[in-house]
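Pasting in a structure now, in structure tokens, and then I'll have a few things to ask.
We just call them A, B, C and D in the order they show up, numbering each chain from 1.
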Amino acid sequence: MLSFECDYIKGAHPKILEALLKTNMETMSGYGNDPYTKSAKEKIRAACGGDVDVHFLVGGTQTNKIVIDSLLASYEGVIAATTGHINVHESGAIEASGHKVLALQGVGGKLEASTVRKYIESFYADGTYEHMVFPGMVYISHPTEYGTLYTRSELSELSSVCRDFGIPLFLDGARLGYGLMSYETDVTLADIVELCDVFYIGGTKVGALCGEAVVFTKKNTPKHFFTIIKQNGALMAKGRVLGVQFDTLFTDGLYFDISRNAINMAKKLKELFVSHGYEMFVESPTNQQFVIVENKKLEELSKKVGFDFWEKLDGERSVVRFATSWATTDEDIDALEKII
Amino acid sequence: MLSFECDYIKGAHPKILEALLKTNMETMSGYGNDPYTKSAKEKIRAACGGDVDVHFLVGGTQTNKIVIDSLLASYEGVIAATTGHINVHESGAIEASGHKVLALQGVGGKLEASTVRKYIESFYADGTYEHMVFPGMVYISHPTEYGTLYTRSELSELSSVCRDFGIPLFLDGARLGYGLMSYETDVTLADIVELCDVFYIGGTKVGALCGEAVVFTKKNTPKHFFTIIKQNGALMAKGRVLGVQFDTLFTDGLYFDISRNAINMAKKLKELFVSHGYEMFVESPTNQQFVIVENKKLEELSKKVGFDFWEKLDGERSVVRFATSWATTDEDIDALEKII
Amino acid sequence: MLSFECDYIKGAHPKILEALLKTNMETMSGYGNDPYTKSAKEKIRAACGGDVDVHFLVGGTQTNKIVIDSLLASYEGVIAATTGHINVHESGAIEASGHKVLALQGVGGKLEASTVRKYIESFYADGTYEHMVFPGMVYISHPTEYGTLYTRSELSELSSVCRDFGIPLFLDGARLGYGLMSYETDVTLADIVELCDVFYIGGTKVGALCGEAVVFTKKNTPKHFFTIIKQNGALMAKGRVLGVQFDTLFTDGLYFDISRNAINMAKKLKELFVSHGYEMFVESPTNQQFVIVENKKLEELSKKVGFDFWEKLDGERSVVRFATSWATTDEDIDALEKII
Amino acid sequence: MLSFECDYIKGAHPKILEALLKTNMETMSGYGNDPYTKSAKEKIRAACGGDVDVHFLVGGTQTNKIVIDSLLASYEGVIAATTGHINVHESGAIEASGHKVLALQGVGGKLEASTVRKYIESFYADGTYEHMVFPGMVYISHPTEYGTLYTRSELSELSSVCRDFGIPLFLDGARLGYGLMSYETDVTLADIVELCDVFYIGGTKVGALCGEAVVFTKKNTPKHFFTIIKQNGALMAKGRVLGVQFDTLFTDGLYFDISRNAINMAKKLKELFVSHGYEMFVESPTNQQFVIVENKKLEELSKKVGFDFWEKLDGERSVVRFATSWATTDEDIDALEKII
């Protein structure tokens, strides 16, 4: 059945499988000490345009947990939007590592710099703050869980707040490619490198079988990060699996091509819905589109196309999510038109 | 260069890559809700010959950490041999989840039932035991870190001790296939299902890109184990990656064929060394062979073939490990003969 | 200087010190195995009117942390009002033990049953709940951080919600005496025993040097709770310190007399402020009174009497807290009158 | 009944209770912001002869847990003797905070510098050390769990090893006074300040109701240690309880007088046993004496005097512990003579 359920319903981009196949019989050391991992790191450094540190991990929740825990002191928590993935959909992974998620009200999935600044100022103004959880980091996602994007100016302001208070800005880029390739962004990878202290380039949701590339931008990789990864059960014996995939993704701009295709398809999909009279729940310039559908229609649609139920809007309407990916084609969009 | 460094220096068995390629464009739900994961579980259940629960995880340390933490109470620790993987080479992953490894002296990597029984009896005989860490589980590996195997009788005795004290027996099977296919074992998969409360069938070191299949044998999967996996950052969005691999490994006995090949090659390798006058450090009936080499010879060898340095034996000799895998061929052994 | 800063600015009630002095030279076993601890438990059981389990701990945050962690599974969090002590003023102690505080909007410091029910129902109605933190317990404080009290009916409804979903109701009674002795409550100790699964009788803020008596009401003390206490660093070697104090507090109704005195003094204090034209921020029927004071006046007052700054109300006014205790006298209130 | 069961079977030294009584009605701020806590810190600083940082905690396990966790990185463990309190009798408190106890064989309860150095050197010489737990601290107790003492030279060597590898030396001084006042020591408080990075001066077992004074000797108090204490549930609201007690203990040398009395009584006790033909299990120069008793005699003795069963020596003899304290008198020793 036609499906836009999410951006991980297909396997990997064919070039990735091809590379795994091609390198399969090569003898390589384990744990990331292989030439492809090395090459992938160099290519990502080149794409970032700076002397950054790159590490590969398997999945998003794992990455958020390890990065956050390794950068926070025991008495610190992480500021996030109430809708942030770490606050809602990671089964309490952050708390399980000992840290409170300091959830602040965002707008369209985004955290505003003024909200963060006010929160931290109030914290230190409170006479009892030593009895409270210190704000030790700011976590944002880009694109957010609602497909929205920070502007360069917004990101810059968040970065300023973090620097004013001496805490890192961490950008969850599980879907980073879709943000970078959006037609409506002024944020480049170089901007992210400059403004964030750490971020990751999502692979799982952008064409890989699995894998996330963590980038520490300020020579701030936590000491013995390798051992930290191992202790968290996140070290792959066959590290080549991640190395080969990211090496492929960052060869000839594949990562960006994949992302651009998803963006193009999402644009078409959105226009399709709008032209058919549907209202969008949120203005998303990326690969996730949130469509408002009447409940009656919903049932009918769900028999013909896969999508993700998001939430009830009111008694009669719901919000559903359609996501595109590297694998979405013009034919898929055409097929969708006949259904909606 | 010719290498016997470990059993994860090559990629995956070709049939696994083939299966990933063949299923790549199929649309599947994430997080293990795909037909291949379902099929793989059924095939493993069939191989186990019973109504066991099967769950897929990514790697060995991750599996040990999650299984142990999810079965222990906060005041309990896990009994293991001092040489056990969890006690030495997992960067304190077990302690990081809050539990002490109660390390007991083993023999050739194995834990003896009498040692365990004596320890637990002494524990409860000690008037101050409420101030101590309760023994809450027994962890063994089969094959062990030294390639050795428990006999059915030894396993049965360990199982009895555990049942007498009401604690689970957990078998780390990161290299389980090599144990089952050894020519010198009387332990079957059915025995393990009967005698252990939980164990895992290692994929990473037995031909897969990654993946371990955890088997709870007594309808004893911890409540909400899915959420526990997620919280530990161990849930793959593209769960198909594990499903397809294990489905392939358990189709037409591939898992056992892979293991048998490694065993055959290890047998040849061992005979080769012995016939050339080398002494073995330990009598290993599985795919890891521990050879005693004079230090002078060591340097020479290391220029021509890859192996793993294990430990210094005395001033003049060292122990090195040679491992075989699905990918080891007769040609490799022949090439080795010319070197040693 | 005259002070109403909090209810722990004086030492212990004289009878408690007297008892410590009187029993000082008696030889007693450690860790709570002394006759006074035993007697104190019996007296508390009698006061509770049932066969409850009683355990002594040193302080409030410690008690909250140990009780909550020992009753929750790893994948569960604790529901609390956003203003709840565990959510604000315990430095992330709950998260440090691995659990998320699921903070819900309360009213006047109280959590409403309907809010809790709606939250849990929504949780299980969400298709992705297995990726979220399970609601595993409800935490309330009585009196709350604002001095307010639940009615019997409100408590009963909260209890029903908890029972409907099979999770425990935990009542933080750091100031329980003041709740029970309020003139405006219909909640008795027997009601709390009936409706809550666990609660504690605060000693530190009700006349003791330190100490909280945890009461498990349904034969539901976590297994090996003694060892859990020890592991948390909360076991006193000289357990008699807690035993003697609680034995004294529950002899001849001292705990209730102490509380009643504080209530009487708080009532006078409140009437005093109201009669002088002050407005109360919240209607508190217990020993903490929240008074609205003009900022200009605030400065003047603070030179003559101790109180606790609570929060800014608007540009010109602030909320301050005045607390009474066992040690507050009519003379203190008279002295206050001359100041305000 | 006459008892030498342990050094915490009596209450507090009368002067401590007297001080609590005398200061009881004084109004003081909570959480250690009181004049007695301040004064106690100053007196301890003076006794230490240097500008050290002093913090008060409630008990020994709590102190070990907080100090160790706050000084270790997540990937580090703590080296201790296998007989060390943290390795045996703290219910896994250290592991519960995420850290492995790296237990090394000691001699008479003491850890030898050469053992520690060899262990750390081997660790870094092991090619797989990044997969292991880093040695991050050395923990010793003085007196040890066997009442034995380090010499100045031994302590100095341990300190050198720690400095060579850049890790702190932590001395558990739960019974420090008895070590300092022993007739057979050349270690002064000034030596400990010089050679250790952190230690604590035990109160609970040296005359106080409760309390341990942690001393960071190198301006190395962990950042936000107050909040760390709070998060661990170890902050007393009535901090005065600890402040007044330690202020008293360090007024006119009371801490040392108490300790000296116990030492004098222990010396008499030991001479008594030896003169009656008993053998000592270990040569302890402090307040704990380990006596070898025939099992037949043991039963008889236990009806007349309290002591602590330590361990079985062989089929016919056992080791028992007799401890003296501030409260032990010449009359107690005389009474004991009539019994043994």
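Criterion: contacts are C-beta pairs under 8 Å (C-beta built on N, C-alpha and C of every residue); 3 or more make two chains touch, one makes a residue touch a chain.
As the structure is a computational prediction, the values presented were derived from the model and not from experiment.
Enquirer: Could you tell me which chain lies farthest from subunit B when each chain's centre is the average position of its Cα atoms?
Expert: C
Enquirer: Tell me which of A-D and A-C has more C-beta pairs in contact.
Expert: Result: the pair with more contacts is A-C.
Enquirer: Taking each chain's centre as the mean of its CA atoms, how far is subunit A from subunit B in angstrom?
Expert: Once rounded, the distance between the two centres reads 34 Å.
Enquirer: Return the distance between the CA-based centres of subunit A and subunit D, expressed in whole Å.
Expert: The answer is 50 Å.
Enquirer: CA centre of subunit A versus CA centre of subunit C: separation in Å?
Expert: Result: the chain centres lie 42 Å from each other.
Enquirer: Could you pull out the residues of subunit B that touch at least 2 other chains?
Expert: In subunit B, residues 74-75, 90-92, 96, 130-132, 227-228, 230-231 touch at least two other chains, as defined above.
Enquirer: So in the complex, the part of subunit A that touches subunit D is made up of which residues?
Expert: It is residues 69-70, 73-75, 130-132, 134, 223-224, 226-228, 230-231 of subunit A that touch subunit D.
Enquirer: Mind pulling up the subunit C residues that touch subunit D in the complex?
Expert: Spelled out, the residues of subunit C in touch with subunit D are 1, 3, 5-6, 8-12, 14, 17, 20-21, 23-30, 58-66, 90-93, 96, 204-205, 209-210, 227-228, 230-238, 240-241, 306, 327.
Enquirer: Contact residues on subunit D for subunit B in the complex?
Expert: 74-75, 77, 88-92, 95-96, 98-101, 127-128, 130-133, 309
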